[in-house]
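In what follows, a structure is listed as structure tokens, so that the remarks can point back to it.
As written, the chain order gives the labels A, B, C and D, with residue 1 at the start of each chain.
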Amino acid sequence: MPAPYIHEIRVAWGDCDPARIAYTANIPAWALAAINGFWEAVLDGDGWYQMELDRGFGTPFVHMEMDFRAPITPRHRLLCAVRPQRLGSSSITFRVEGRQAGVLCFESLFVCVFITAGSLEKRSVPEIVRARVTPLLPAD
Amino acid sequence: MPAPYIHEIRVAWGDCDPARIAYTANIPAWALAAINGFWEAVLDGDGWYQMELDRGFGTPFVHMEMDFRAPITPRHRLLCAVRPQRLGSSSITFRVEGRQAGVLCFESLFVCVFITAGSLEKRSVPEIVRARVTPLLPAD
Amino acid sequence: MPAPYIHEIRVAWGDCDPARIAYTANIPAWALAAINGFWEAVLDGDGWYQMELDRGFGTPFVHMEMDFRAPITPRHRLLCAVRPQRLGSSSITFRVEGRQAGVLCFESLFVCVFITAGSLEKRSVPEIVRARVTPLLPAD
Amino acid sequence: MPAPYIHEIRVAWGDCDPARIAYTANIPAWALAAINGFWEAVLDGDGWYQMELDRGFGTPFVHMEMDFRAPITPRHRLLCAVRPQRLGSSSITFRVEGRQAGVLCFESLFVCVFITAGSLEKRSVPEIVRARVTPLLPAD
């Protein structure tokens, strides 16, 4: 199993609600930031912005699911591990797990489809994505 | 089937990304705002804030899943329909659907557990919640 | 002095920090939402999104200043009063005041310049803006 | 003049609006994140969260002003330079400047007051703050 991409989030005061833990709606936002970081790591520094504007494709989300396992606080950095799980003909599935000080805080799964930039038309997985992501998929 | 609670969101410029549609991470945040609005409607104006600070209980999220069906833009208000789906002994499940101009934009499901405020200890569903929410559950 | 445009904000749990009051960074975001609402009121429902995409001009911010007078909580709606203060040859200045239950929570001032959409080139105030906003300026 | 604390922000797709630049309301949020980072650097890893919960004081904002000099995009990291400017008897003033690839994007000034945690009562500057911040003030 290849090592995941690890994305560090600085959780802070303003991310927390009066229960003194991160407000739930911040957590999907952090998982998305981590997936964008995965693309930067895989595509020579290019995240969704450069993907859409320079490379001519986009990857909108069609599905997400998240399980919240433990509260998140500013007492530790939040480490989000991103693993591509499956590469279809025109879609990609990610697993994202968030941990603080070794404790699993959330597990999640996201499905994105590939489109031509500036449209909502599905397209096949771009060659560079297939080349770079295939080695990162689970072995079986 | 009882009528759902409808929560209106004003989608605006700053909610959109360079693809000119709402950025994905805003959508779970809106669904949560709609669930908070449901509580305000059901509990005499009290949302999560008063629930926790005045009524002594909280309802943290343990699970969410969302399917994104159509892009969301500022051209119409986003109407989020919130329906309690199931009331367990110490949990509640919501369905939230978002529509713009009659078009289904997202479908989603959220599970929350009841806790004693200021702790993470599960507790049974508060009586007032059971009394107010039971009539809103699906008939079957 | 013409009546201001009033924009209502539903402050909620997730907007508050562990001090149980709205996190400061949400407040400029609400003032901006109120200014966008002012444009919708003045331009037949068109906010920044339609301004840029349909009407061909934009109004980026060049300056803001805010004084925070009282904490904001979810116990009352936040009413933001927006008043255009000055219309220059290619700029507009707004005053935005936020109140909860009659208490002044913040006072602020924002300056925007008019540009041609899709560029950063300054342009003169569009005719429709001058026609609609001039009657709303302070009398002096 | 002591070197400022530098806080790095990863600007991304979701921070940008349809004009393809960072939405204005994100910029004060980043400046605040940078100030929180300054406190972490100065107080042995403690930001506002630990300040309030562990050290018994808070620093709410009473004033901010920002000048936006150049658009911010995801093409470069945003480096926010934080400098304490003045330490009063119960207040602190910060200058925060944001730069991308050497270009000044914003200049800003923030004033916070010291309070006893859990109240809104002003208090004098805590000793540890005075000891750690005084050497970082401008020389004159």
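Going forward, a residue touches a chain if its C-beta (ideal position, glycine included) is under 8 Å from a C-beta of that chain, and two chains touch if they have at least 3 such contacts.
Just so you know, these numbers come straight off a predicted model, no measurement behind them.
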Pair sharing more residue contacts (C-beta pairs) when A-D is set against B-D: A-D
Is it true that over half of the residue numbers where subunit C touches subunit D are used by both copies, so same, or is it different? same
What is the chain whose Cα centre is as far as it gets from that of subunit A? C
Centroid of subunit A to centroid of subunit D, CA atoms only: how many Å? 28
Could you tell me the distance, in whole angstrom, between the mean C-alpha positions of subunit C and subunit D? 24
Distance between chain centroids, defined by C-alpha means - subunit B, subunit D (Å): 34
Two or more other chains are touched by the subunit B residues 13-14, 16-18, 20, 24-25, 29, 32, 48-49, 52-53
Subunit C touches which residues of subunit A in the complex? 13-14, 16-18, 20, 23-25
In the complex, go through subunit B and note every residue touching subunit C. 10, 12-14, 16, 20, 29, 32-33, 36-37, 47-50, 52-53, 73-75
Counting only contacts in the complex, subunit D reaches subunit C at residues 18-19, 24-25, 28-29, 32, 48-49, 52-53, 58, 60-68, 71, 117-118, 120
